[in-house]
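First up is the structure itself, then whatever we jot down about it.
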Amino acid sequence: METYLYIALFAPLVGSLFSALFTATPKKLFTGIVGSLLIFTSLVSSTILLMYILKGGEPVHVTMMTWMATGDLYIPFGFVVDQISVTMMMVVTLVSTVVHIYSIGYMDHDKGFNRFFAWLSAFVFSMMILVMSDNYAGLFIGWEGVGLCSWGLIGFWYHKESATWAASEAFIMNRIADLGMLIGLFLVYWNTGTLQYDGAFAAFHTLDISTLTWIGIFLFIGAMGKSAQFPLHTWLADAMEGPTPVSALIHAATMVTAGVYLVIRSHELYSLIPHVGLFIASLGAFVALFAASMALVNRDMKRIIAYSTLSQLGYMFVAAGLGAYWVALFHLMAHAFFKAALFLGAGNVMHAMDDELDPFKMGGLRKKMKWTWIMMGLASLALSGIFPFAGFFSKDAILEAAFVGNHTALHVMEHHYIIYAVLLFTAGLTAFYSFRLVALIFHGEERFKLFGFHPHEAAKIMLLAIAPLVILAIIAGAFQTTFFEMVQEALNAVEYHVHSQIVVWIMTIGTQVFAISMIIFAYVKYNNSRVSVPDGTSRLENSFIYKLLFNQYYIPHFYAEYIVKPYREISEIFWTKVDLKIVDATVDGIAGIIYGTGEKTRQMQSGNLSTMLTWMVAGLVGLLSLAVVFGLTARYSDEILLFLSALGV
Amino acid sequence: MEIGLTHYLVLSTILFAIGLVGVMRRKNLLLLFFATEILLNAVNVAFAAISHYYGDMTGQMFAFFVIAIAASEVAVGLGLLIVWYKRHGSIDLDALATMKG
Amino acid sequence: MLDHILSLLIFFPALAAVVGFMIQKESMRAYGISVATIEFALSLWLWYVFDGNVSGMQFMENIPLVQSFGINYTLGVDGISLFIIILSAFFTLLGIGSLTDTPNVKYMIITLLFLQMTMVGVFAALDAIVFYIFWELSLIPMLYIIGAWGGPLRIYASVKFFLYTFTGSLVMLVGMLFMAYFYYQATGVWSFALLDWYRLILPQSYQLWLFAAFFIGFAIKVPMFPFHTWLPYAHGQAPTIGSVILAAILLKMGTYAFVRFSLPLFPDASAYFMIPIAILAVIMVIYTAMVAYAQKDIKQVIAYSSISHMGIIILGTFALNVEGISGSIFLMLGHGVVAGALFMLVGVIYDRRHTKMMSEFGGLAQVMPRYATIFGIMMMASVGMPLTINFVGEFLSLLGFYQQSHIITILAGVGIIVGAIYMLGAYKKTFFGEVTNEKNKNLPDINKKELFGLIPLVIVAIWLGVYPKPVLGPINKSVESIVQLMHNKSTTELAKKRIPNLVKPKVIIIKKTIIEEVH
Amino acid sequence: MLAPINISMGSLNVMTLAPMLIPIVGALLILVIDVIKGGLHKSLYVGLSLLFLAMDFFSLLDASNLFAQNGTILGMFDVMLIDGLALLAQFVIVLASMLFIPLALTHKRFHEFSYPEFFALFLFMIAGFQFMVATDNLILIFVGLETSSLALYTLIAMHNRDKSFEAAVKYFTMGALAAGFFSFGAMIFYALTGSIEINKIALVLASNGYTDIGYVLVGTAFMLAAFAFKLSLIPFHTWAPDVYEGSSAPMAGYMSIVPKIAAFVVAMRFFEFLVHSGIVWLDIVLYAFVIVTMTVANMWALVQTDVKRMLAYSSISHAGFVMAAILIGTTQANSALFLYWILFSFTNLGSFSMLWISRQKSIPDHQMSDHSFDKFSGMIKTAPVPAMIMGLFMLSLAGIPPFALFWGKIYLISAAVTSGYTILALIMALNSAIAGYYYLKLIVYMFMKEPVMGNNGQMYVANATLALKTIIGIAAVGTIFAFVAINPLLEFITDFVYNSGY
C-alpha cells in the first residue's frame, strides 16, 4: 500500500516538473497528455487505497524522512492515508483528472499551455500533501503550496492587470490567515511538544480549555482564509480572473475546502471546544446567507458560481462547527462534483462566447450547446439540493444537523433554530440564483446575437471530461451510507435522531417544495422575452438593496479605501518622511554637525601670528585662572564648606 | 622698606606680564622679539633673587643658561627676520598670514 | 594540512589575490574562477571532515600573537560557523563566475579575493581581536567595490557604509577591551580568547553595559532599526556583485556575532534585553517591509527586504532557546542564498537596461520567461514558502520566540504578510502586465553566464528547504551547547527562566560540576 | 669662595654622554669637511649622517644593556639620567632620524639639501632632543629643548620658500614665548622647592605635603603651557598646521614624531608625580586637553583641502590621543605611549614620504596647493602601487586593524579601560571614527575618482629614488607586519618603562 501512497502523492509532482521543462517553449500537446495521465495514475492509486480502506484496512502511515529537527522539535515528512484523507484524495484526484483532461481542450489555443499544466499538476501535488500529511507542519506545506499555485493560476494571464491583482489579493489574504494558522501551530507545539496529529490529539485532552480555545481559534483563522470565510472572502470572487478550469479545480472543488478539511482533521480538538464550534457554525451560516445574497444580483457568470461556492462552504462549516464532521466531509465531496461540473460548464459557455461573462448578453444558448445545457442544468439541480441528486443528501443532512444541534460533546442537545432557519432560507436562494443563471444563459431570447457572438458547442474532449462529474453529482447521494460507515470510526460519527420521523419528512418535503418553488420563480422571472441587458435605469437596479448586493456590501470598496490605500500611504510616509527625513537625517545630521563645527571653528586658525600668540597667552591665562580658582578652593575648602552648609546646601 | 624676595618676584611677574602684553600687541616683528627677550629677562631677575634667597647657585646657573639661550634665539630670530625683510621689504606681522584655516 | 585547514581557507584567497596582480587582464576571470573553485572545494572538504556529532570547536589553531596582552591567533569552527564559511566561499565563486563585463575586472577579482579572506576570517576567528581585525578589514574591499564600481551616489554610499560600521565597531572594541580587562581581573591573565571568556561569569550590571557596547557594533552591521539607513544606500549604489556579497555574507557577520559573542558572554543581559530587542526586531520586520513597499527601485525593495528578514533572524536569536537560535542561524544561510540570488537577478536586468526602476519594466515575464521563473522561485523563497530554504529558518525562529512572547511573535509574524505584499507588488510591476516599454520588447533572456550563478542557488534554496537536516543537524548540536552554557552561566532569575535547561534532571550532578568549572 | 672641586672620572660616568656626543661630533665633522672642501654632493653628508646615527644607535644599545643589568644610570654630576624612558625615547628619535635622513636623496634638487649645514644642524638637533630626554634637570631640559628648537627653525627655513619662512618665523616666535613659559614655570618650582631637578622637586613637595598648592598649580600651569605648545595641544597648537604646510613634507613628518616624543618623555617625567599626588586640577585640565585636542583637531582635519595640512591636523589629534597616556599615568599607559609612537612614526613618516615623492617643483593651475586632494584623483588608475601604499598608510592612521597604529590604539584604550576611564575610552574610540572620515577622503580621491586629464601617474613618483623607495618600503612593511613585532616590542617597552618606575 505504501507504494500506492507514494504513487498517488508524487505522480502529480512528476507531471508538474515534466511540464515545467517546457514552460519557455511553444505549446506541446504531450505535456497536457502526460500530465493528465500522471494525475490519472494518482487517481487509480487513490482508488486502490480507497478500496483498501473500505475493506477495513488499517490506515497506511509512512514516514518518508526527517524534515526539520532541532531542539525538541521533530518534524518528518510523514503521510497517512486514513478514512478522512482517502476521501479527500479521491475528491482531489478525481476532480483534477477531469480538469486536466478538460484543460487539454480548454487551453488548446493558449500560448501558456505547458506552463498551465505545470502549475495545475503542482497544485494537485500540494493539495495531496495537504490532505495526506500526518502532521500540522506538512499540512502547512501543502497549505502554502496550494496558495502559491493558486497565485500562479489566478494570475495565469499575467498580462491582464485584473488577473495579477486578483492573484496578489488571493495570496496576501491567504497569508493573513496563514499567520493565524502558524500561530496555531506554535501553540500546538509549545503545548503538546509535537506537531504530529497523533501526539497532539492525544495531548489535547490534558490541556485546559482556554489553551485549547486559543489553538482552535488560530487554526480556524487559517481555515477562514483558505475557505474564504468572512471577512477574508473577497479574494474568492476576484480569483475568477483565472482560467475557468482553475476555478473549477481550485476555487470550487479542492483548495477552498482545505479549511473545512482542517477543521475536520482537527475534530479531536474542536470536539473539546464546542463553543468555538458554535462560533464556526454561526459564521458558516452567516457566510452561507451572505454569499448567496450577493449571488442573487451578480452579472458575472463565474462570480455567481463563486458566491455559490462561498455559500456552500458556509454550509460545510456549519456542519463541521456543530460536530457533524462526516456530514461536512460528505457535503464537501458532493459539492466538489457538482460545483466543478458547473464551472466547467461555464467554461464551455465562455469558450463559446469569446470569454463573455455577462449572462444577460447570452440567452437561448440551449439550442447551440445542448450538452452543456444538460450538464449545467443537472449540476444546478444538484446544487439546489433537489432529490435524488447528491446535493439533496448532503445538504439535507446539514439542515438536520443544524436542527438537532451539537451532539458530539457534553451530550447536550441544543437546537440551533436560527442557524437552521438561515440555512433553509439560503437553500431557497441557492435554488433561485442557480436557475436564474441557467435561465439567463440557456433560455429566453437569443440576446447574444445583438453582440455579434457566434456560439458553438464545446469540444468533445471537454464534454467528455465533464461527464463523470455530472454522473457523480447525480448518484453520489447513494453512497451516503457506505461513506458514513467508512468514516464513522475516524470521526466518531454518530447517527443523530430528529425527534420523530414525521418531523423529518416535514422538513425534507418542506425544503424540497421551497427549493422547487424558487426554481420556478427564477424561470418565470428570467425565461421570457422581456429580459434585456440591464442598463442601470430600472427601478430594481436603483434600489438600495440591489446596489448593496451588487457592490458586495461595499466590502471590497471598504478594503480598497480603508486598508489598501492607507497602507500604501503609510508606507510612503514611512519611507519619505520617517526613514529619509528622521532616521537617516539624524545620522547625516550628526555627521553634519561635526563637519559644520569644524568648518565654523577653523576661523580660529586665522594665520595671523598675533592671533596665534594671543591664543597661547589666552590658554595660559585660562590655565592660570583655573589654577587660581582651584588653589583658592583647596585653601579655603573648609570655609567654603562652612559657607555652603550655612546656606543650607 | 627693605627690598625682599617678594618684591623681586613681583617685579619679575610684572615684567613677565609686560612681555606677554607685548607679545600679543606688537605688530612689528622686531619689537615682538624684544618682548620675548623681556619675558626671559623677567625670569632671570627672579632666578637671581631666588638663588640669593636660598644661597644656592643653581638659580644663577639657570639664569646664565637663559641668557645664553636668549642670545642664540636672537641670532636665529634676527636671521629669519632679515631674510623675510629681504624678500618682502616689511617686517609687519599682518603680512605674515598666507597660511590659514 | 587538516590541522591548518582554516588558516588555509583564510589565507589562500589572500595569497591568490596578491599573486593576482601579476596575472594578465584577459586571463583574470579564469584565474579568479579557479581560485574561488579551489577555495570552495576546500570549504566543502572542511564540511566533509567536520564531525557533526561534536558540539565544540573543531580544527582549532592557536598561535600566540601578542602574548603579553593575551592576543592569540585562534581559529576554530563549529556547526554555527561552518556553513557560513561554506556559503561565503560559494558566493565568491558564484560572484566571480557571473561577473559580467565589469570595467577593470582585474581589480574587482583581486578585491573579491581579499574580501573572501576577511569573510572566512571573521567566521573562523575565536579570538576577539582576530575577529575584530577581520571584521574591520572586511569593510575595505566592500568600500572599494561600492566606491569604485557603484552608481552615481557611490562615494556617499560607500563612505557612509564604512563610517557607520566603523563607528559601531569601535564602540564594540571598547567593549572587548573591557571584557578582556574583567577577565584579567578575575584570573590575572590577559586573554582575548573567546573560549576563555565563555568561562567568565560577570555580574549583571557589567553584562548590561558590555552587552550594550557589543550591541552597537553588531546592530549597525546587521543592520537593526534605527541603524539601518546605510544599507539602502550601499545596496542602491553597489554593483551587483557588491550587493550580492553584502547581503549574503557581510550582514550575517552581525547576526553571527550576536550568537557568538552576545548570547554566551552575557546571558543575563541577553535575557534582560530580550524584549526591547525583540521590539526593535518587530519594527524592523514590519516597518522596513512597509518602506520596501514604497520603493520605486527594485533593488531598494530587496535591500529593505533584507532588513526585514534580518529582523526575523534577530528575533530567533533572542528567543534564547535551541529552536529559535538554530532557526536564526539557518535563516542566515537561507537569507544569504535568497537575497544573494535576488540581487544577482536584479543585476541581470540592470545589465540589460541600466536602470532598476520598476516603472521602466513591466511584462518581462513575456520577454524573459526563464528569468521570470527563476525570479519567481527566489521571490517565493523570500516570502518564506515552505520547502524553500527561508521557510525553515523563519518557521523555527518564530516558533522559538513564541515560547518567550506570544504578542511579539504574532506581530513579527505579520512579516509574512507584509513581506508578501511588497514582494508580490514588485514582481507584479516588473514581470506582469503588457510590455509597454519599447526598449523591453527585445530583451534577451537570461544567458549562460548568469545561469551559472543562479542555478546553483535555486538548487540550494530548494534542496535545503526540503532536506535541511545535513545543515540543521550540526547547527543544532552547537546551538545546544551554547544554550546550555548560557543557562549554566546565567545568574538572574529572569535569565534562568528564559533560557531553557537542556540537561535533563538525571544528570544533575554533571551540571553542578559544570557550574563549578565555570566559576 | 667656592670649594675646590674633587671629582673622579668614574663617578662622572662619561659614558652617559656618549649617545649625545656622537651626533655632535658628526655635525662638527660635517662642518669641517665643508670648510676643507665645499660643494660636495649631498649623498656624502647623508651617508655620514646615517653612519653617525648608526653609531648613536649602537651606543644606545650598549646603554640599554647596562640599564637592563643595573637599572637607572646617573652621570655627569647626576645631571644625566639614563633610564628606560630616556633610552626608549632616544631609540625612537634616532630610528626616526635614520628613516628621515635618506629622504634628502630626492630625484629633483631641493635647495636645503645642498647645504652641508643642513646635515650639521640636523645632527645638532638630534643631540638636543637626546639631552632633553636623558635628564631630569630642568636646565638641561631647557638647553636641549632650545638647541633642538633653534636648529629646527633653521631647518624649516632652509626649505627656502615664502611659506617656509613664514612658518619658521611663526614657529620661532611662538617657541620663544613657550620658552618664556618654561623658564617661568621652572622659576616657580625653583622658588617653591629650591631645586631644579624633577625628582627632588617631587620629594620636597611631597615632604611638605603640597602646602603651597596654589603656587604649585600656577607653576604647573606654566609648564603645561610650555609642553602643550611643543605637543601642539589645543589652543597651543596654532603653529602646527602652518609649520607643517610650510616645511617640506618629510620635515613635517619628522616634526610630527621626534620633537613630540621628546616632549612626551619630559611631560611624563614632570607631570607623572603631580598626577599621582592626586591633584584633581591636573586631572581635569589634562582631561580637557586630551578631549579638546583630539576632537577639535579632528574636526578641523575634516574640512581641509590639502593633504599635508590634513595630516598636520591629524598629527595634532594623534598627539591629543597619546596625551591620554600621561593623564592615565599607569605603566600600561606609559608603555602604550611608546608603543603608539613607534608605530605612529612608521606610518606617519611613510605617509609624509609619499607626499614627498610626489612633490612638484611648480604647482599646476588646476591645483590649489602643493598636495591638494584633487591632485590624487584616480591615482589607482595611473599609479596603482603608490596609491595602494598611500592607502595603506591612511588605513593605518585611521586605526584599521591589523595595520600598525591599530595596536597602539587598542593598547592605549585598554590602558584607559583598565584605569577606569570609561568615558575617555569611548571618546577615544569615537574620535577614531571621526578621523576615519578624513583619511577615507584621500582614499576616496585615490581609488574612486577619475584621474585629471593628462595625468599619466608620473607625477606621483617624480621625486622617487631608490633611497626614498627603500624608506617607504620599510615604512610599508613595518605598517603591514606590525603584528609580528608587537609582542617583543611590548615586552621590551613595558620592561623598560616599569623598571624606570613609571
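Should a chain be cited, it is by its letter among A, B, C and D, assigned in written order, with residues numbered from 1 in that chain.
The definition used in the following text is that a residue touches a chain if its C-beta (ideal position, glycine included) is under 8 Å from a C-beta of that chain, and two chains touch if they have at least 3 such contacts.
Model, not experiment: these values are computed from the prediction.
The most central chain, judged by the distance from its Cα centroid to the centroid of all protein Cα atoms shown, is C. The geometric centre of subunit B is 65 Å away from that of subunit C, both derived from CA atoms.
Centre to centre, using the average C-alpha position, subunit C and subunit D are separated by 43 Å. Distance between subunit B and subunit D, defined via averaged C-alpha coordinates, is recorded as 26 Å. Centroids built from CA atoms put subunit C at 35 Å from subunit A. Listed for subunit C are residues 163, each touching two or more other chains.
Multi-chain contact residues of subunit B (touching two or more other chains) are listed as 23, 32, 96-101.
Contact of a single residue of subunit A with at least two other chains is seen at positions 591, 602, 605, 607, 609, 613, 617, 620. Contact between chains, per the stated criterion, is found for A-B, A-C, A-D, B-D, C-D. Taken in their complex, subunit B has these residues touching subunit D: 9, 12, 16, 19, 23, 29, 32-33, 36, 39-40, 42-43, 46-47, 50, 54, 56, 58-59, 61-62, 65-66, 69, 72-73, 76-77, 79-81, 83-84, 87, 96-101. Across the interface of their complex, subunit B is touched by residues 602, 605-610, 613-614, 617, 620 of subunit A.
Contacts from subunit A toward subunit D in the complex involve residues 591, 594-595, 597-599, 601-602, 604-605, 607, 609, 611-613, 615-620, 623-624, 626-628, 630-632, 634-635. Interface residues of subunit A facing subunit C in the complex, by the touch rule stated above, are 23-24, 65-73, 137, 140-141, 144-145, 148, 151, 155, 158-159, 161, 164-165, 167-168, 171-172, 175-176, 178-179, 182-183, 185-187, 189-190, 567-568, 570-572, 574-576, 578-579, 583-584, 586-587, 591. Across the complex, subunit C meets subunit A through its residues 160, 163-164, 225-226, 228-230, 287, 290-291, 293-295, 321-323, 326-327, 363, 365-366, 369-370, 373, 380, 383, 385-387, 391-392, 395-396, 398-400, 402-403, 406, 409-410, 413-414, 416-417, 420-421, 424-425, 428, 431-434, 445, 466-469, 472-473, 475-476, 479-480.
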